[in-house]
Amino acid sequence: MTDDRPGGFLTLGDLEAAAAAKVPAEVWAFVQGGAGEETTLRANRDAFHRRTLRPRVLTGVDSLDLRTRILGQAVSAPFFVAPTAYQGLLHPDGEIATARAARDAGILGVFSTLSSCSLESIAESAPTGDRWFQLYLQPEFGASAQLVDRAQRAGYRALVLTVDMPVLANRDRQIRGGVAVDAPAPVGNGPDVQAPSRAPMPDGDHYTLRKETGATWEIVDRLRAHTSLPLVIKGILTGDDARKAVDHGARAVVVSNHGGRQLDGAPAALESLAEVVAAVGTEAEVYLDSGVRRGSDILMALALGAKGVGIGRPVLWALATGGEPGVARLFSLLKLDLATVMAVTGRTSISAIDASLLGTPRW
Amino acid sequence: MTDDRPGGFLTLGDLEAAAAAKVPAEVWAFVQGGAGEETTLRANRDAFHRRTLRPRVLTGVDSLDLRTRILGQAVSAPFFVAPTAYQGLLHPDGEIATARAARDAGILGVFSTLSSCSLESIAESAPTGDRWFQLYLQPEFGASAQLVDRAQRAGYRALVLTVDMPVLANRDRQIRGGVAVDAPAPVGNGPDVQAPSRAPMPDGDHYTLRKETGATWEIVDRLRAHTSLPLVIKGILTGDDARKAVDHGARAVVVSNHGGRQLDGAPAALESLAEVVAAVGTEAEVYLDSGVRRGSDILMALALGAKGVGIGRPVLWALATGGEPGVARLFSLLKLDLATVMAVTGRTSISAIDASLLGTPRW
Amino acid sequence: MTDDRPGGFLTLGDLEAAAAAKVPAEVWAFVQGGAGEETTLRANRDAFHRRTLRPRVLTGVDSLDLRTRILGQAVSAPFFVAPTAYQGLLHPDGEIATARAARDAGILGVFSTLSSCSLESIAESAPTGDRWFQLYLQPEFGASAQLVDRAQRAGYRALVLTVDMPVLANRDRQIRGGVAVDAPAPVGNGPDVQAPSRAPMPDGDHYTLRKETGATWEIVDRLRAHTSLPLVIKGILTGDDARKAVDHGARAVVVSNHGGRQLDGAPAALESLAEVVAAVGTEAEVYLDSGVRRGSDILMALALGAKGVGIGRPVLWALATGGEPGVARLFSLLKLDLATVMAVTGRTSISAIDASLLGTPRW
Amino acid sequence: MTDDRPGGFLTLGDLEAAAAAKVPAEVWAFVQGGAGEETTLRANRDAFHRRTLRPRVLTGVDSLDLRTRILGQAVSAPFFVAPTAYQGLLHPDGEIATARAARDAGILGVFSTLSSCSLESIAESAPTGDRWFQLYLQPEFGASAQLVDRAQRAGYRALVLTVDMPVLANRDRQIRGGVAVDAPAPVGNGPDVQAPSRAPMPDGDHYTLRKETGATWEIVDRLRAHTSLPLVIKGILTGDDARKAVDHGARAVVVSNHGGRQLDGAPAALESLAEVVAAVGTEAEVYLDSGVRRGSDILMALALGAKGVGIGRPVLWALATGGEPGVARLFSLLKLDLATVMAVTGRTSISAIDASLLGTPRW
């Protein structure tokens, strides 16, 4: 069957294989690989497959409204572009393609410290788009502050501090794939911007650690003092840490295990969501990433209390298969899929998605 | 080994593969495909495999009586033909072959709004057969009412309102298979009869929905006011909805997830059965479809409180392998299989099949 | 690697594959096949794999004694030859090879109504062997009684009444394999001896059943009145039926699902054992068959309360690979395996195998 | 991709396959094989995969210290070389390569009674290394005592008495592989040193057992009376036996199922750890081996109460791929992996690894 649709793939279920066929093996290893034996990577999907949804019928689906607010900003749907590094590895347009597709779809885009395009060029390419800046702490606070200032000047609306990567995990698949794990591609934000360091090499009984690895919650206070941007803490898997984030002034937390890339043995993100939501209550918003691929996944996360979900690898896949039109098609199919499962479960608006949707997990 | 038996297959276990070998790939994708990643499709079978039965011995199996009543009508066995669309895709005789085989077997046949043959031709082909009409709501009530009237005139004995398809689910396998999902074949009941619409396409922030998608339980009242046919509500997975069906005058409900075709993430039908039976009590009959393949499956569903079970895909498979003789052979083998497991578990009649048959589910 | 050991196989783990390579496909289908989709067949093995054993150390394994008593008779080990039909299909010597190997090993042999060799020839071939006779009820009591009398005259020491086969199950694999399921081979006990009938063929609304299918517990009383042989009831999976067996004078029951051949959906035999042991208490002995392949399996069954376990298919496999020397090798390896796990768990005698050996089942 | 790193493998995840490609098939069967159907062998890994870790963030990872004490001796990391026999099968340098790599890494090495190199040559090759001697009881106490004396004279710092091998288990894979299971290679400690005997061969109703198989806890007292070396009991899977070990003066116990090689059906070592830790309290140290492959495994075992973990097969794999540099690389990668997961979970020292790290096991 020929497929002449823009984007280079047909359905959400074809996207991964379509990308695999296009992406060079070493880049694919970088994109797909998880930490260690990839137990957590697999668990992220299994967790969605185990959950069940209780559809209600004849509820009067006379309209469907996917719009919601994320940190107060209206968006066209409750999913956003999760920050992923080095999008230029997937397509020459890199984050610019993603940003444009997100803007056209009315979707929030979160862009990484390690973007292939500079944060300014991303902003300029889609000036009306809603975007946040993801920060990897730099060894010196001043360098972190500089990045934050640049992001604020360029119109990024919030600061997402990633806290689950004090050092880079052991990623066997990436190493085997021949990727320079800690520097697979140039960083668009400038040659001085540092990626998280690889795990410390033992030097006798000592371990060399870069300075930012020693950050404590005090860094959150310091960032808040420095910038007026609302702060989002990404990479939380426990209620206790979520509570700390709120106590240190975070406006939101992202429940995430970094797509299974940081700690093999970490729980599936979805499995940690209820605990975090309970700990945070109404004091902050909770988002989730790691394993979201489908409308039903979004519904499950929202039913468990998330206000939004991040889409990571699928954006990279779509970028690889079709550049900006590919990403646009991904967003369109995700909305269609979400709209469909909302209709089929009898929910006409995002606010109607609640815990009554949740059934008994499968065996 | 040669096989010269009528029907083109040897045992219940061969039927699916025999059909797969005969059916064109795109039709096969349409028949077999489920929603999304087909988690629920698989769970439908797994749920039967996890259940255990406690056989009793030396109970005096001096006779075996598979006969029962479904909505008051005597049938030769507690299974019926579940409504499936476009049977003409599997065999040129389409529903007519099915109806004749059902009549000869003394089995109830439920026929779809989207039958390849007209409801009248189905009725005429097997006038003495017991048959019900399955209704997909049409955009205008008048069109629905017209279909109901035609069915009543043609001697259909009950009206089965399908409520789990306000819109058509995303069905990746069908799309990949090249099927025009919402119109794979002509509708025998006339060119104006509408199939459920595909999921709404986003048009900016709006979603175009067809009128019938907005139906509420009030439609049940309206249908009851319009027709004297007893009403069966199909596609219920919660006790609350089952209760509502009864409160709105339904005489029976069908616990079904549409064979895993509508909501990936829905519970297995068998897993939802006990909750529905408990909610309905003795006020209505409860049937089940989605995943029934064997006599032991029928026994399990009946032990959990179902009064009958619908057979969906196997009828299509049998139609493909052998037309009317194929379907006849399926019914014959299913009866034989049910009779056998009844004998082996020490139950000589349908009324003797109760919860004492149920053992601990497997791990 | 060459293997010149007698018996044609090297370890317990090689036996099945060695047999598969020797046995004609249709016979293999007959030997290996289970009922329906073979869920219960697989569960029989899985149940052993899920169980754990708690080894104790430094208990002083200064001797190892595998001897025990089964219904009062001393045997060299707590396993016996389970009754399996038509052993002549596997080796021209049939049951005679099995009986001789069992006698030489000091193992009890149970022989089927449907043996390829006559019960008298089996007895004559190994006159000093300990043997029981398994009875399939014949349509007329007189015919059953005649078989029992022949067995008693020929020195069979107990009567094993199989109760889980009122009719023969649907066995897809056997049918596909081309086996005449209900008569795969001649019956050594005479042309008038009846195998259990296949499932009743529907004849309109009636089902033709052979007379013996209607047997109730009264048949046990009648057999007891007829013969002085102690009575063992085989094919029990519930405590209630075990209780009935005892109340009707059975001296022992065999927890069995007929090797997964009779009811797909039945619990694993091992999973039913504790319930039966609890129901029977000290009033009768409890044995188990269905899935036993290893010394650790025997240990698990004994720890759960069985007094002995039957070995079914492995005897057929060994017969096929090497005739009498093959079966002898199987018994020798099973004893060696049991002795080894006894040593490793710190049990020096059969009576020391108790519930304290049982750990938490695996996930 | 070429790999010119010393050691012949790239990541922890490549090691096993790299070794498989180098090691002759029969040696590989000896190294990899477990008892029986290898259920326990697989469960050892599955148990780690089911466990989850709760990472904490922003805890201030300003340093990483992997150092700890094992039986009072400072070591550079909480893992040690588990005793494995016949290392000369993997590399001509055998245990000498292992001992040197362990010394250079500051890692404790435990060496087997059945080492390919003599215990004295191992000691001389790495005189400053920390090493313990593993004892298989010899038929006569005098022979055991002689080995202990030799070890003490050669500077071995503790005595590890293996108690889970009164006889050698049935190891189908090894037998199939053509290995002389009980004597695959010469014993470096002298021709009179005895390996554990294979399971007793039945001789009629008697079983020939070697004298040491009958050992009881009294042997522990006797060894303690004979030597001043601290005593470690290896091969404990129950709290009761751990308690006995402590009561008989053991300074530590090793929770182990001998890498799945002794009792198929034994629980995963990790599953037994909590029970042993609870029974022993603070009166002895508890170590674990069987299935440890990764830093996260070490973290899990320590969080459950182990003071150290033994690395078995991976050392053999590394020896095969690269001799001493291979083993050195293994230790280096294991430290790096452990350091990484400590950083990612927010633990900067071994003493900070506690039960608060443990999450809900996966389904």
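For clarity, chains are labelled A, B, C and D in written order, and residue numbers in each chain start from 1.
Operating definition for what follows: contacts are C-beta pairs under 8 Å (C-beta built on N, C-alpha and C of every residue); 3 or more make two chains touch, one makes a residue touch a chain.
No experiment lies behind these values; they were computed from the predicted model shown.
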| item | value |
| --- | --- |
| Joint neighbours of chain D and chain A, given as chain labels | none |
| Distance in touch steps, counted as few as possible, from chain B out to chain D | 2 |
| Interface sides of chain A and chain B: same vs different residues, half threshold | different |
| Centroid comparison with chain D (C-alpha atoms), farthest chain | B |
| Fitting chain B to chain C on CA atoms, where both chains share a sequence, rotation angle to nearest 5 degrees | 90 |
| Chain C and chain D, separation of their C-alpha mean positions in angstrom | 41 |
| Mean-CA-position distance for chain C and chain A (Å) | 58 |
| Residues within chain D bordering two or more other chains | 363 |
| Topology of the chain contact graph, where touching chains are joined (line, ring, star, complete, other) | ring |
| Chain B contact footprint on chain C (complex, rising order) | 36-37, 39, 43, 46, 50, 163-170, 172-173, 175-176, 178, 199-202, 205, 207, 209, 213-217, 219-220, 233, 235-238, 240-241, 244, 262-268, 271, 361, 363 |
| Residue ranges of chain C in contact with chain D within the complex | 1, 10-14, 48-49, 51-67, 76, 106, 294-296, 299-300, 332, 335-337, 339-341, 343-346, 359-360, 362-363 |
